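Shared chain: subunit A. Partners: subunit B in the first complex, subunit C in the second.
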Partner chain A sequence: MTVQLDAPRAPVSGGPRQRHLPGEEGLWVFILGDLLMFGVFFGVLVVSRAKDVVVFAEAQAHLHVELGLLNTVFLLTGSWFVARGMQALKARSPRRTAWFVAALGTALAFATVKVLEYSLLISEGQTPADNDFFMYYFVFTGIHLAHLVIGAVFLTILVTIARRPQLTKGRFRLAECGAVYWHMVDMLWLVLFPLLYVVR
Partner chain B sequence: MARKVQIVCASMGFAFVVVLFGGIIVAGMLPPFSPSAGAEEVAAWYQDNTNGIRFGMVLMMFGALMTAPWGALLAAHIKKVEGEFTPLTYTFLAATAAGCVAIFMPVMIFSAAAFRPERSAEITQTLNDMAWIPFIMNGPPAITQAIVLGAAILMDKRARPAFPRWAGYYNFWVGFGFLPACILLYFKSGPFAWNGVLSFWLAAVVFGTWFITMSILMLRALPEREERPETADDELILAAQ
Partner chain C sequence: MSRIDLLFVSLVAATVLTWLVGVESSASHTVAGVAVLAIGFIKLRLVGIHFMELGNAPVVLRSIFEAYAAVAFLVLTVLYIGV
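Right, the complex of A and B next:
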């Protein structure tokens, strides 16, 4: 059983502790690229808002802030579950699978609330075609939801990795990639939520 | 010889970017024509730029096919990863062919629109829509190429893989970059319209840099130069003075 999972290539004698990048270097090309793309989304949103402050404020009042807040809580809890799960995975704790199953639960809860929120808005007569605010709201939260669905697939992989009695270097690396991706989904929402629901 | 063929195929990515975007600029399509323009305005644009558009389209027509050797070399690399049983290679090739068409087809319609610009304005506008919409909305071939290539790069377990692993993740990201354009049918203005920040500019930058990046990576993955057995062509005709 590998003990040195955290720093696979750590020097044997007392050199400085090697820095460990979770997952693998290449994954961060994707993570930073995706953050860059969402950065463009956020920029577009802020610029359009500045052009049409009144319409944006009026439309924003129709959003269900409490549902958005609930979803924020789900994602934050989910990230914590994943972090605990990764610790448990390294420590070979018997509860490691449970943490990831719980995280998967928060992902499903988020998706359920989001779909409920969409249908509420549409039944109240707010559609993407109404104004720029709702166009951005539906498109950006929709793209985020697509990321979350991919994240849920990753969490499922994490569950299967955790369930195996043996942990290999390759599987641990894959698990770290999944965890990093999940934290990214969480982080994007933490910018998207205030930008859409709260900023006035 | 194989090495030279690889150099040509890989370099087609550079040539493609120069010729495609060169054609777009010559045709006066940068920045793109707004989808919210009226029929008269569209017709006037074709009447005022007729020859520029025609020449630009000839360039873009050849540009479209430059993606074929570029994609073929990538497919050959994917085949090396897959071994004998090669579904990813075939998927990549099919998507590459679709990618050629995705550029070629709208270019043909732009050409038809610029052929008789004096016709009634509504018809020109229809042709203009028929060309711009597929030209920008045609993400799926490239998305398929990017995902298949990304997967193959990450699957490469050889001691000396052709491409660095970051390139696999980079390709996944490229696939995401082409997604916003898929909803342009709903918009005649704003960032998702066919001339918008996300549908056009983001996708164009990601698309162009993707071809260049993969060209560079393919050149770096060239096989070692090897000694070739002498043939009749190597026989000296003139000795050095």
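Right, the complex of A and C next:
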């Protein structure tokens, strides 16, 4: 049996705004913790750069900025697909599964480009042992890539939920968790990309 | 075009702006760096508020997120310009 969803509703004119927690409380504890952890990573990058500006600038020049830019567009597109997918899921649109499959495609595209980028850098002689910049580059982007892989698992779950003919409250809540997690993967990259590739 | 579609187009445009300001422009590294950081955190906030639907989340959660975005940007900017 399909149950009524606890989805956000438009505020009634003059009435209090209906607020809604997307996903589960426990997931938000994890997400806020992750945001804090990456906040520390961002700070470490900026402070380390200030200590050795020349080494960082020389090392950064070896990065393939166009690949980082391409990956940013992949993640933004993935987030857009997931947002549209959640709208379609709530509306029980027949296109709901396609949005999440497309988002999964952007995850695969990001991972492919990232592996290609690692291969290019290593073949050009840039390794984590070279200097602090590349050590941070490989560690932080590697941790982010691990988050992306987990995000891809969530996207697979979203595809499975979307394919089901009925949407229960529990499944919708799980879908929200997957969507929120995926958007977090996007958000982290939106700051990691400029810090690693662009800020000089 | 829906609000979500418009947001996506804006985020991609902001990414292109990051490239233009940070890589192609002749602005000083410090000015360009702060501008690029600001664009990054504005994008982060937009994804959180609209895609994550934090704009309609309980006030406490939304406030924590807004505070995170603002404080992280300010701290990183101060560390970057070396005040």
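A few remarks follow.
Going forward, the second predicted complex is superposed on the first by the 185 of 200 C-alpha atoms of A that agree within 3 Å, B and C clash if a C-alpha of one lies under 4 Å from a C-alpha of the other, contacts with A are read in each partner's own complex, and residues count from 1 in each chain.
One rule holds in what follows: a contact is a pair of C-beta atoms (placed from the backbone, for glycine too) under 8 Å apart; a residue touches a chain by one contact, two chains touch by 3 or more.
Since the model is a prediction, treat every value here as computed from it, not as a measurement.
Once both complexes are superposed on subunit A, the partners subunit B and subunit C fit side by side without clashing. When the two structures are aligned on the shared chain, A:G33 is found in touch with subunit B, with no touch to subunit C. Once the two complexes are laid over each other on the shared chain, residue contacts for A:F41 go to subunit B alone; subunit C is not touched.
Look at A:A129: by the touch rule set out above, it reaches subunit B but stays clear of subunit C.
Counting the residues of subunit A that each partner touches, subunit B and subunit C differ, and the larger count belongs to C. By the touch criterion stated above, A:R19 is placed in contact with subunit C alone, subunit B being left untouched. Geometry note, superposition on chain A: angle between subunit B and subunit C about the Cα centre of subunit A is 110 degrees, to the nearest 10. By the touch criterion stated above, A:L190 is placed in contact with subunit C alone, subunit B being left untouched.
Within the superposed three-chain model, A:K51 lies out of touch with both subunit B and subunit C [touch as defined at top]. Between subunit B and subunit C, the smallest C-alpha to C-alpha distance in the superposed model amounts to 13 Å. Once the two complexes are overlaid on chain A, the subunit A residues touched by subunit B in the first and by subunit C in the second are 28. Interface residues of subunit C facing subunit A in the complex, by the touch rule stated above, are 4-5, 7-8, 11-12, 15, 18-19, 22-23, 29, 32-33, 36-37, 39-41, 43-44, 47-48, 50-54, 56-59, 61, 64, 68, 72, 75-76, 79-80, 82.
Interface of subunit A with subunit C (complex): residues 8, 17-22, 28, 32, 35-36, 39, 42-43, 46-47, 49-50, 65, 69, 72-73, 76-77, 79-80, 82-84, 87, 179-180, 183-184, 186-187, 190-191, 193-195, 198-200. The part of subunit A that touches subunit B in the complex is made up of residues 24-30, 33-34, 37, 40-41, 44, 48, 128-129, 132, 135, 139, 143. Residue ranges of subunit B in contact with subunit A, taken from their complex: 164-170, 172-173, 176-177, 179-180, 183, 186-187, 190-192, 197-198, 202.
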